[in-house]
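Should a chain be cited, it is by its letter among A, B, C and D, assigned in written order, with residues numbered from 1 in that chain.
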Amino acid sequence: MNNNKPKIGVYVCHCGVNIAKTVDIEAVRSYAESLPYVKVARNYSYMCSDPGQLLIKEDIAEEGLNRIVVASCSPRMHELTFRKTLAEGGLNPYYLEMANIREQCSWVHEDSEEATSKARKLVAAAVAKARLLEPLEEKEVEVEPATLIIGGGIAGIQAALDIAGAGFKVYVVEKTPSVGGKMSQLDKTFPTLDCSACILTPKMVDVASHPNIELLTYSQVEDVQGYVGNFEVKVRKKARYVDIDKCTGCGICAQECRLAGRIPSEYEAGIGKRGAIYLPFPQAVPAKFTIDPESCLYLTRGKCGKEPKCVEHCSLGAIDFEQQDEFVEFKVGAIIVATGYDVFDASRKPEYGYQDYDNVLTSLELERLVSASGPTGGEIVLGKGEEAFVPKEVAFIQCVGSRDASCGNEYCSRVCCMYTAKLAHLIKEKVPDSNVRVYYMDVRAFGKGFEEFYDRVRREGVRYIRGNPSEVFKRDGKLVVKAEDTLTAKPLEDEVDMVVLSVGLEPRKDTREIIDLLRLSQSSDRFYLEAHPKLAPVDTATDGVYLAGCAQGPKDIPDTVAQAKGAASSALILLASGKVNIQAQISVVNEATCRGCGYCVEICPYGAIEMGEVNRFGHIVSVAKVNEALCKGCGACVAGCFSGSIQQKSFKDRQILPQIAVLGVVK
Amino acid sequence: MSEQYEPNIVAFLCNWCSYAGADLAGTSRVHYTSNLNVIRVMCSGRVNPLFAVNALQQGADGVLVSGCHPGDCHYMEGNYYARRRFALMRELLEFIGVEPERFNMSWVSASEGAKWKDVVEEVVEKARKVGPFDQFRRNKINW
Amino acid sequence: MVDLEKLRNAAKEIVSQDDVKYLIGWRDGTFGFRISPHFMESPEEADKLIFSPLCTNNLATYLTMAEKLPIPRGEEPDRRKVAVMVKGCDSRAVVQQLVEQGTNREEVYIIGCPCEGVVDIKKIEKKFPDVLESVEARWENGQIVLKLPGGEQSFPREEVLAQKCLTCRYPNPVLADTVLWDEVEVLGVEEYEDVKELEGMDSKERWAYWQDKISNCIRCYSCRNVCPMCYCEDCVLERLNPTWMFRSVNVAENTAYQLARAFHLAGRCIECGECERVCPVDIPLMKLNRKLYKEVQEDFQFEPGLDPESKPLQASYRPDDKEDFIL
Amino acid sequence: MDSMILSKEKMKDFVAALGQQKLYAPQKEGETLRFSLLGEEDVPELDFSNTTVPPKDVVFPQTETLYQYELGGTDMKEPEGGEEGAVMGIRPCDARAMSIVDSLFSWDVDDPYYLERRSGNTFIGLACLEPCVNCFCTSLGGAPASTEGLDALMTDLEDKYLVKPLTEKGEKLFQKAADVLEKATEEDVASAEKLHEEAAAKVARNVDTQGIPEKLPELWEADLWKDVSNSCLGCGICTYLCPTCHCFDIQDEVEGFEGRRCRMWDSCMFGEYTLHASGHNPRPSRRERTRNRINHKYSYYVDKFGTIACVGCGRCIDFCPVNIDILNILTQVKEAL
């Protein structure tokens, strides 16, 4: 403990010209020098550089500084850097206070005089607080060597395999009956035209068979409590009404189901049908059947003929209508959110006639149509029975639901340009005499091999017309795309057999649930917000929770896999070190003045405070007690305490009030 | 009221949304008025409404508290508590004769650098309109 | 109907119970219209007990006031009950104390006194400034009868009752272990007329109004001390480190003090009006409290001091709380 | 020194004639009557029984700055000394209180702040003709027209005041306004004296203090202290409104990087009073505090300065929210002796 008179060192950073251009550094420095308790005030071109940090360390040693104020960039940027500097210089790292004179001063104010005067104020406020800082102790807790991965698409699969491969336990929780996600629905992948199933299926099998991975399909995370390193997870395993230990996946039940071929299949994007008991797709993992409780006659009406067909035909007796949802609970140290995305609902753009005309398809529907495993066996045929025909004139409309403020999606979905090129190529390959054109705004072919692929497709005869169609309508039984070729300024009315809407990627509808569960934030595009867009793209604001794949924003498969590996690596750092520092800036109760009203207990969002008893001169009185591992240091309890008896370390009333005074009084 | 009157605003920003949003405004080189000074706290829930009273008393002409949008609080609930507390304090201050223009609260997310600028300018403009705070300012002359 | 015989007998019985430490009631004061809190430890003192329109004091405040003096080693704290006589408003104070664990339900015995309203002592002393002899008072047919030195006089409620009683919606105890007589009719309707009158002014007028009142504050802390909801061991408004407000007595600090006090009572004030009654310089403190009471009721559909199981207003929230004031 | 007559109609002229000097007088502030500095247009409010707050705050302000400083520095800046002034409309009981407190502030060391104001101001009393219900000045050696501690005494004669200068200071002050004053007749003087006597007879409450100062400490452990303090709220009304209570606290108030050291009224009824840094308080409950208040007034002060530090103004009785009545306490004390 350092109870000596404060000796403050103030360091004003030029940040090259970033600060120095608008803020008069010397004026700020000399002002700082005049403030009470300031022993040293210096300026330097880059305080975060090695020589800059050395300056602080030397002053600590030579001048006996015991509080440090760094006036530079945002504490969100370099607070940790300078805390480390203090520690290396032999000071408690929490004796640091920063004044943000870059992001919130030099970069936002043009007038040099104003910026300088504000910088002085901010430095003065920091000095006022620094004087009253207290040393804090960082405590360590053990990390539960396991990870929860929410979502069993390619991102979740990859992260699971990596972590499990490193020898740690993984729980994969997948909402649908099978892992595989959206990638399993794709036919080929751009730009290499690999068969999507061929590269994905082995990984799906690996996930199921890996000894370190526990796969919980058809399951949902219900509750997450605890904190980094020690999350307590509760998962609901929804009833499949099929005993998966008995089911061999033979499929007779599905053939016999009275509703066979009558329920739109999710996997087939609605263009294929399934029964009430179903396997989502042939390569599904686990290869176990599931009864859809929303369509099953027996489950919805309590009656299915004399006896449900599935029961009748399952010789192993695997059908179990009595099955209930089960709950499993386990502890993990880290959580990876790999929940993926939703495909944009094309009916939200009614001008393109998706709901009105049979031959207006979404790209995902076309994906199933061209797939050898799809309902037509890979033949591009529209219509049924006698009306069936092979479309020859095909138009793609780009950016449906992307780059479109009218539907709330201002972002680019990043994959549509390339999957359109791929699908156009596949159509040309399967229907060589077809005419394919693509109505586009811009073609973004930025990835490895993308531009080459786009060139190839154009050489194959796919026409790119720059113009956003205004409407798709029907004339004389034919679809007409109305657009303007913006390069020639010519209005077009293009008669076609098939219109493909290149729909974008959207945040999942259940995004909110996960946010509530894990205390995540959303960015303005409504995808989950990463801790930093550049330097912490897989981390979130919640320690121990990481993002992978399209949950964080639209991306293609290689980017998804790369991020999944990044998330796995982040989780592994935690698991491998086995220990994590918990918040030092937590709440602390003054038991002598606590009146035991319990407001803080009610307020704490983490259940970190409970009432305990103390002996006050023979009287047993109840007072609040803080569980240090659970406290996250938000301070909501502090503002709710009437007697000021609970305080947040580093953000105590006695530290904030002088800041307020200085900002009010200093001119 | 002198012509050169420039309001002085003290703002309390939560670390995760609003402070980050204000940083983003900086990173994006959005320019705004320099009348507002920020005190960083971890959560808007930490901000005791009495801080606002204290700020007015000690020289601020207006106060701003900014946190995450409802539902986005990094600590889940802090901004809800802040909202309730500030609703009460606002009524009280208004009732005692403090112009409501001096007492502001906003939700600014980490991605709303542009909104931050708008909020700052609105708060400063409102304070400018109602003039210097003189209701219960500490008067140094009495010292 | 108030029955003093019944009251005294009940008090004798209650105070004789082994698990009751003492009983707090009211007795005649030393002069005029004043009455005094009566602390009785034995049944013999019961004959001094009264209940009349002069019994303004909210005795619930004494539940949290007794000092917890050091107990010598080896001795046990006395956890016997304190019996307290409460009017409707006073009972709400007990309920709110229970909500906030300021009082332990096992350590209090609540004697409910349905109440037809108490007089505004300041009002009546203005009418009769020189009364030295102790005055008796009673309710009779909706009137207040005062036994003045010159003979009995009766007054209509509106003329002599405290403002809080004219708008009282809870004249009957909301929680009691025993209720001494029949419940009384609820006559009060709260229209917040005085609050609305102030709301109708502009900021400058409002401040002028309050500045005038608050500049008189001598910071005697009687408003805080008398408040049954103010029972912090160490009041943050007087604390030196950190200094939320100076102890200097001037308009700025007095205002900060009164604002903080009112804010701490938001969603907690049960409208007993004691703060305003005791104020030696006549600051209309209940206007502040009632303003917040009104807003709390309108904005959060919340009234404190009714249900011991309720969650405190300031320690809870609803996701759809009003936010029309947010930019 | 001859008595003079000030016609009530000429009050404004009188105030004007006193010139630029500060003049404190009772003023109505809302419902509350207290002494304040008279503004240019103000007229003293002299039709009252007594002010809520005693005039002690003119000489012993509730808050006063001793000096200012900069945080971390060693330089001090003292406020400038006060100018001369006058206080008008003081009741004799309150004036007597000042003269009692004078001994304290000029005891072991002279208190420059208090004494400067005491000597710089001229104190003009206003005889009390209608004692309040709880007045008992006559029991303590005072009277409704006592002149102790005053430089002049005024007596209300319906349409005019009889003004009697008592000291040179008083005389000097009234000389300034000689133009608006008339000579008093013998009848005027006689009727004032009669009123004074009548007023003294009207004082209804009383206490026989015989023996109390000497024997009070013997009742240290008496039950009565608990009985009389049970209902005490521990507020500062009785002491803040008491004209003889003179306890103060010294506080540092810091704003930003500047601070001031100031002193302000304190009250022995507060829990913090005599609270040691260790956390120990020799007066841990309202019982000891009440006991101290009575002992200080009726015994310790007598020991030290030979006079009871109570003038019987009755404020503590009037304003106590829970009817703690000093006369009642003294009666019990007498009974217990």
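Miscellaneous remarks
Heads up, the rule we're going with is that a residue touches a chain if its C-beta (ideal position, glycine included) is under 8 Å from a C-beta of that chain, and two chains touch if they have at least 3 such contacts.
From a predicted model like this one, the values you see are computed outputs, not experimental measurements.
Most remote from chain B, judged by the distance between CA-atom centroids, is D. Of the two chain pairs examined here, C-D and A-B, the one linked by more C-beta pairs in contact is A-B. Centre-to-centre spacing of chain A and chain B amounts to 30 Å, using the average Cα coordinate of each chain. Averaging Cα coordinates per chain places chain B and chain C 36 Å apart. If you average the CA atoms of chain A and of chain C, the two centres end up 54 Å from each other.
Contact with two or more other chains is made by residues 603, 640, 653, 657, 661, 664-665 of chain A.
Within chain C, the positions touching two or more other chains are listed as 69-70, 243-244, 246, 248, 250, 314.
Residue positions of chain D with contacts to 2 or more other chains are 254-256.
Residues 35-37, 124, 128, 658, 661-662, 664-666 of chain A are the ones that touch chain D when the two sit in their complex. Chain C makes touch with chain A in their complex at residues 68-73, 75, 77, 100-102, 231-236, 239, 241-244, 264, 311-312, 314-316. Of all residues in chain C, only 29-32, 34-37, 39, 57, 61-62, 65, 67, 69-70, 129-132, 212-213, 215-216, 218-222, 224-226, 238, 240, 243, 246-250, 274, 277-278, 280-282 touch chain D in the complex they form.
Listing the residues of chain C that touch chain B in their complex gives 195, 198-199, 203-211, 244-246, 248, 250-253, 255-256, 259-260, 262-263, 266-267, 288, 291-292, 295-296, 299-300, 313-314, 317-319, 321-323, 325-327. Within the complex, the chain D residues that touch chain A are 70-73, 254-258.
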